[in-house]
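Order of writing sets the chain letters: A, B and C. Residues in each chain are counted from 1.
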Amino acid sequence: MLEVTLYFLQQLINGITIGSTYALIAIGYTMVYGIIGMINFAHGEVYMIGTYIAFMAITGLAMLGIDFLPIVFAVALISSMLVSSTFGLAIERVAYRPLRGGNRLIPLISAIGMSFFLQNYVRISQGARDIAMPSVVTGGWNFGPEDGFQASVSYMQIIIFVVTVISMTALTLFINRSRLGRACRATAQDLKMAGLLGINTNNVIAATFVIGAALAAVAGTLLGMYYGVANAYIGFIAGLKAFTAAVLGGIGSLPGAMLGGLILGIAESMTAAYFSTEYKDVVSFGLLVLILLFKPTGILGKPEVEKI
Amino acid sequence: MRSNLSSAFFAAGVTFILAFPLLGLQLTTEGVSLILASSSATTLSYVAIGVLAVFFVQLFKEQILGQLSKVKPKPGTISNLLPAEENRAKLVKPGVLFVVVVALLWPFMMERGATDLATLVLIYIMLGLGLNIVVGLAGLLDLGYVAFYAVGAYTYALLAENLGWSFWACLPLGGLLAALFGFVLGFPVLRLRGDYLAIVTLGFGEIIRILLNNLTELTNGPNGIGGIPKPTLPAIQTEPDVSIIGLEFSRRASEGNVPFHEFFGISYDPAMKVVFLYLLALVLVFFTLYVIRRLMRMPVGRAWEALREDEIACRSLGLNRTAIKLSAFTIGAAFAGFAGCFFAARQGFINPESFVFKESVIILAIVVLGGMGSQIGVILAAILITILPELAREFQEYRELMFGLMMVLMMIWSPQGLLPMKRPHIELKQE
Amino acid sequence: MLSVRGLSMRFGGLLAVNGVSLDVNEREIISIIGPNGAGKTTVFNCISGFYKPTSGDIKFQGKAIQGMPDFKISRLGMVRTFQHVRLFNSMTVIENLLVAQHRHVNTNLLSGLLKTPSFRKKESEAMERAAYWLKKVDLLPMANREAGNLAYGQQRRLEIARCMVTEPDMLMLDEPAAGLNPKETRDLDELIVSLKHDYNVSVLLIEHDMGLVMGISDRIYVVSQGTPLAQGTPDEIKSNPEVIKAYLGEE
């Protein structure tokens, strides 16, 4: 009985770890959607680039002989956030801004093109093969009987959880307290009106892309260190899952993205543990279709009123 | 000048961040450990040149734009180079006739390799035309089109392998099954906003690939299915009794069939197989073209365009938007199913690698480049996109990068594609 | 024909429509009037199924229709226009009218692909009906032009013709006279009356042009801030002190 409970607990821990990173990526989708009502298809690639930059920073520091953890983390996070946000900015500037206001299909296609371009940009510049990086943080706590099944929480999992909570709190404070945050909320309510009231909506839209990209970079850094492997294609599946999380929680809603990420992460880790690893991706997709079928507004989303 | 300078620094900084870490540094594995190396001096100098170029262009933006506007020709697309609208109508008939004749004679004038490549082009034309129904005519973004292609291909491969069904029995079935998948997938999603369809189809494409890889007992997983029989030519036999038989294009026919060359009493030529496949693909393309041309003139074609224009007005007039969108999605899927069936027959071997996301994007690129909604545009784009990588091998490496870039640029400059074309309007004849 | 009882619509904290009831009988022209933002269009949207009302009963020809999908309500014979013209702009005038007849024509894919006789027959019938209504609204010479290129008044008339080819029993017009010049308004007046007399169509109208409303309405409902204020014949409304105070008094 104890063993069964511990095994379940272990899956829960794994699920929360993965889920909190999905939530970080999902915020990028939800913020952009909340403001311009469109899906940023290239968001997954920004996450992938974040992982690459974090790997570069960590490897570079290791070659210089620096392995003091706080410095490694700080450098990895800051550099990946800087580069990813710049990509976020570029995506908005190139694939979205010139196309705003036209047929909705057009920015979607240009974003898909952008996503494909970025994938291949990294594939060509960094090679198509997987790159593997040794763990930076090792060890953890075990609980359970010495001779039986032990559940464990690795230090890395704790770091993931803590960093996620800090990022989310910072974002919430930013949205609620800062000037730009207030402008964001106003623009999300009514883009035209916000513009008339003197808010530079172009900057606000660019800011949402940048903030979303920075959070995706945090997720990229954390997940990259957790898994230790990356290639140019990881953004595709991660993006799909984070999008599912955003829709599950209710697209446009920040707490929804967090909740959706956690639920999806737990559902996935349970499927992998009790059913089959191959099908964990199928589960997240199935979940997406089910939500769209029965509750397209998600758990915390508000129903949209069509303007006629 | 001050603001120009700061924006020039900003733009150069952005370019540097976008280019330097990924192009200038390289993560490589040395032995067992990962190291960070700097790229070649050439690459680094390219990055530097790029950053400087952006800096100076931003700095002297006004002057450059001023110069450009003097020399710039009137903006427009290729269609400006074409004859005027009225004259074009006169040119259409002989033009089409010419193309049909060339297409029919092609395999007899060209070598085997060229015919084989042309067959591949025809497959992509079919896929492009099929996706064009969904994207171009109905305005729905389908990012998992290749999944329906896979359904068609595996339908034939599995039925031929396990039950010995012929190509001709599987062709309609493959289309039908793909349509069924499209229907089941589209039904829940098409009620919602367009973006959801895009992401659900994207996920669906991925799921189909995962299933094909993992349902090993059925699909043989990543190893794929081989020995898929080639299509036969149905013929009527009079000896010993009157019956329909299949003519095969191999030296010896399998049981129940007769080799083509024996039936007609000519000598065996391995090139005949290639020619037959080409002609078969051509027939399928003509069939597709005919169906789509009819669809555009039918009530459902009008409804697609009306839905693209104003969904709310459509609903107020009693049009069921879900059903109408679903019809486009399902018909589009059916054509992918036909194409998949033919693809399996032509290759003789299929595995999940042929049905990855990349393929969906390539087909979408064909539709986008050709001009959403335009048939001739799609055909030209399919030819261009299939042949280019064959002509220049070095291009292969950068092919996908270019496709991505092209899609973005096309959307910015000319969303109607290279050859925008209007749906044939229905006219009221007045006395 | 149409009966609405206790219709309410709430958007979040805002009660946009509060307990509106109205009746439309056969061959009647009924107007809803009220100041801007009174919730008239929201009433329209609820009746035609674009919004799901928060509460209330709507019956059309004896059938409960509240919460029914919009396109199904339209198929029962109740079609509407919009405050802002909603034509299929890049389609021709005649095609606009053909799309509207989508459920009257043969939409079977196979018969369309093979151009069967029944398909051709239905198509030519649709064409004739379209031509008939174009003539009626004086747009026959424009048949093959793109709808987006028509003048504003012509677009308004085309919108009404597009409703009429669906052969409705009831027509809902949302501010049909908005933006029309006096001559066009008079033509519209005649057209609406003729729809009632010659085609047995009931008309439910939202309109600000009081001349038009008072001239053609059989009965009038006044709505203010989402709540019903008064109802009656044009003469009763004109002399109702409450209405004068709340609405006409402003002018």
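By our rule, a contact is a pair of C-beta atoms (placed from the backbone, for glycine too) under 8 Å apart; a residue touches a chain by one contact, two chains touch by 3 or more.
Everything numeric here is computed off the predicted structure, so don't read it as measured data.
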Notebook entry, point to check: Counting only C-beta pairs in contact, which pair of chains has the most of them?
Noted result: A-B
Notebook entry, point to check: Based on the averaged CA atom positions, which chain is farthest from subunit B?
Noted result: C
Notebook entry, point to check: Quick one: most central chain, C-alpha centroids?
Noted result: B
Notebook entry, point to check: Whole-Å distance, subunit A centre to subunit B centre, using C-alpha means?
Noted result: 31
Next item on the list: State, to the nearest whole Å, the distance from the C-alpha centre of subunit B to the C-alpha centre of subunit C.
Entry: 44
Notebook entry, point to check: Which integer distance in Å separates the CA centroid of subunit A from that of subunit C?
Noted result: 48
Item checked: Per-residue multi-chain contacts in subunit C, two or more chains -> 50, 82
Note to self: Please output the residue numbers of subunit B that touch at least 2 other chains, ranges allowed.
What the structure shows: 312
Next item on the list: Would you pick out the residues of subunit A that each touch at least 2 other chains?
Entry: 306, 308
Check: Considering the complex alone, what residue numbers of subunit B touch subunit C?
Finding: 291, 294-295, 298-300, 302-303, 305-306, 309-310, 312-321, 327, 331, 425-428, 430
Margin query: Please output the residues of subunit A touching subunit B within their complex, sorted ascending.
Written below: 38-39, 41, 49, 52-53, 55-56, 59-60, 63, 79, 82-83, 86-87, 89-90, 94-95, 98-99, 102-110, 112-122, 124-127, 131-134, 236-237, 240, 243-244, 247, 278-279, 281-282, 285, 288-289, 292-293, 296, 306, 308
Check: Which subunit B residues qualify as touching subunit A in the complex?
Finding: 14, 17-18, 21-23, 25-29, 33-36, 39, 135, 139, 141, 143, 188-189, 191-192, 194-196, 198-200, 202-204, 206-207, 210-211, 213-214, 312, 357, 361, 364-365, 368, 372, 397-398, 400-401, 403-408, 410-412, 415
Notebook entry, point to check: Okay, in this complex, where on subunit C does subunit B touch?
Noted result: 48, 50, 70-72, 74-75, 79-82, 86-92, 94-95, 98-100, 102-103, 105-107, 109, 112-113, 115, 127, 130-131, 134, 140, 143-144, 162-163, 166
